[in-house]
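Shared chain: subunit A. Partners: subunit B in the first complex, subunit C in the second.
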Partner chain A sequence: MSMFKRFVEPGRLALITYGPCAGKLCTVTDIVDQKRVVVDGPEDITGVRRHMMPIKRLSLTDFRFVAKRGIREKVLRKGLEKSGNLNKFWESSWGKKLKTQEARKNMTDFERFKVMCAKQKRSKEVKKSLKKK
Partner chain B sequence: MGQAGQQRSKQKKICNKKTVKVKKTGEKKTPKLRKNIQPGQVLILLASKFRGRRVVFLKQLESGLLLVTGPYSLNGVPLKRVNQRYCIATSAKVNLGGADFKSISDTYFAREKAKKGAQTQEKFFATEAPKKVLPQEKKDGQKKLDEVIVKGLAEDMKSYLKSRFSLSARTFPHEMKF
Partner chain C sequence: MVKGKFSIDPSLEAKMHQYQIVGRAAPTNKNPTPKIYRMRIFARNVVLAKSRFWYFMKRLNKAKKSGGELLSVNELHDTSPTKVKNYGIWLRYDSRTNTHNMYKEYRNVNINGAVGQLYQEMAGRHRADPGSIQIIHATTVPDDKCRRDHVLEMHGDRLKFPVVRKIPHAVKKLRTTFKAKRASTFVR
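Coming up: the complex of A and B.
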């Protein structure tokens, strides 16, 4: 019974949590040593250039595709496309949570007002139905 | 020591006869309007009696102040001049629908000069100052202007302009998008 499910391995999709690329997805393509990996979200897809990164800055996801060490861009792209990992991530609950956080952060004042009205409406309905009971 | 210094400076004045360019005292440039403020933009007022109200921006006056209206029927803010620095510009925009405010300028807001009439004893000892009432024509002008604007507003925009802006817990203005 293995306790670990997410491993640092080539082909593993990860979210960068710190540094200039914070908040972006990337794929582990090679392993340097116990603490560092080489990472690449192909730059035009996720905006992460191929570079070395300490593992500490990564949050591993559930998604991977089978890859050998040191895969280069062509193989990386093919793997990502075939596995559809990026879409799978954004459809997972983690991905959805990130998206709603971003949407909330980018709300304009008018949108915030509309959300407040909607919340008030909803709570009114809830209270009404509770009162009926 | 002091006297010598004075003498020296005096001498300097006599020697340096520079022609100084005389600045025209009346010339003032209209301060720049922030890029994100357009006619019809909804602004949030940050100071004065109407702080927190959301108002519609009409145009920038020559003095650099912004001409703004509630509309009065929605939130009680009349035609008003506001300093740019005391507003937050939101991204919400309202269609002004050809409202006519071309004739309104800084002179509309000038104080009525009190007539230098007889400083009679009664006036001097008057306990109640004469009440300053807004002339009916200004009220009518306000109504006319607002009618056009309010006609073109959607329901949610109307309630948006009626509501007030405020900060609550864990809302930080530098992190908010307007």
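Coming up: the complex of A and C.
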């Protein structure tokens, strides 16, 4: 049973976790050396321009599509579309967690108020059902 | 999908720059039209580049900055800044006792980055100051001409490797002194 499932390889989808692009998805397009890769989420899709980045700043995901080293933008785009990796990521539990974190961060005061009311309602129901027992 | 304006992290940019400097010595009675020389200089900025130009001119061509003329100073940029290349750099450096020639190879995306790596490595491995390093030649090397193992092992179509030990690297805002859970260095 292989221990590692996620590899640094061309076509691998990764999440950037540090720097000005933190929180954005990108695809590894080429490997420079043991510590750095060239990364591209085509800029208009994920907002990441093609550039070199240390692997330290990436979190690899489960998703990849078969790609050659130094994959060009056109082929990269086609690969992403055909594999649907971006959508697959956002529908995975990791992606969903990120989305809820973002939603919470961008809540307005009114939304926070609504959440507070909903939580109160829920706890009232819980207490009521416990009291019945 | 968070989208915004892309900005490259300044800490990821190469600190060295490549300049093309063209200049000549002062015209004298003996030599009214001195030869014009062009050099490719790697330096952190234009000021250092010009200084280095005259350093070489004095040693090689008997041309001093006093009276000498700089005809042009241009920064040279890489034609393919996102394509990974192998860089071979021939250099000459002064150690504490002697002076040596060296050939080093680096993998990088632009030559500025490779030369930056060179200076860092020379400082780390050989305690060589940048002032005692002279870059004789720096160029891209095709895959089959590379000689160094650490560069050769990055060649090949089917190269892939797992992240064996990942040191957690959090955004500065999320860093805290204390954490509830121990960090895990395992990446699936």
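Please note the rule applied: the second predicted complex is superposed on the first by the 133 of 133 C-alpha atoms of A that agree within 3 Å, B and C clash if a C-alpha of one lies under 4 Å from a C-alpha of the other, contacts with A are read in each partner's own complex, and residues count from 1 in each chain.
One rule holds for everything that comes next: a residue touches a chain if its C-beta (ideal position, glycine included) is under 8 Å from a C-beta of that chain, and two chains touch if they have at least 3 such contacts.
As the structure is a computational prediction, the values presented were derived from the model and not from experiment.
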| item | value |
| --- | --- |
| Side-by-side fit of subunit B and subunit C on subunit A, or clash | fit |
| Residue contacts on subunit A - larger count, subunit B or subunit C | C |
| Subunit C, subunit A and subunit B - angle at the middle CA centre, rounded to the nearest 10 degrees | 100 |
| Which of subunit B and subunit C A:C117 touches, first, second, both or neither | first |
| First, second, both or neither for A:R72, with subunit B first and subunit C second | neither |
| Which superposed partner A:R104 touches (first subunit B, second subunit C, both, neither) | neither |
| Touched partner set for A:E9, first subunit B, second subunit C, both or neither | second |
| Least Cα gap, in Å, left between subunit B and subunit C after the two complexes are fitted on chain A | 11 |
| Subunit A contact footprint on subunit B (complex, rising order) | 42, 44, 88, 90-92, 156-157, 159-160, 163, 165, 175-178 |
| Partner subunit C, residues of subunit A touching it in the complex | 3-9, 17-25, 30-34, 38, 40, 43, 46-57, 59-60, 62, 68-70, 86, 90, 102 |
| Subunit C residues touching subunit A - in the complex, by the definition given at the top | 1-9, 12, 82-84, 107-109, 113, 150, 154, 157, 159-164, 166-167, 169-171, 187-188 |
| In the complex, subunit A residues that touch subunit B | 105-110, 113-114, 117 |
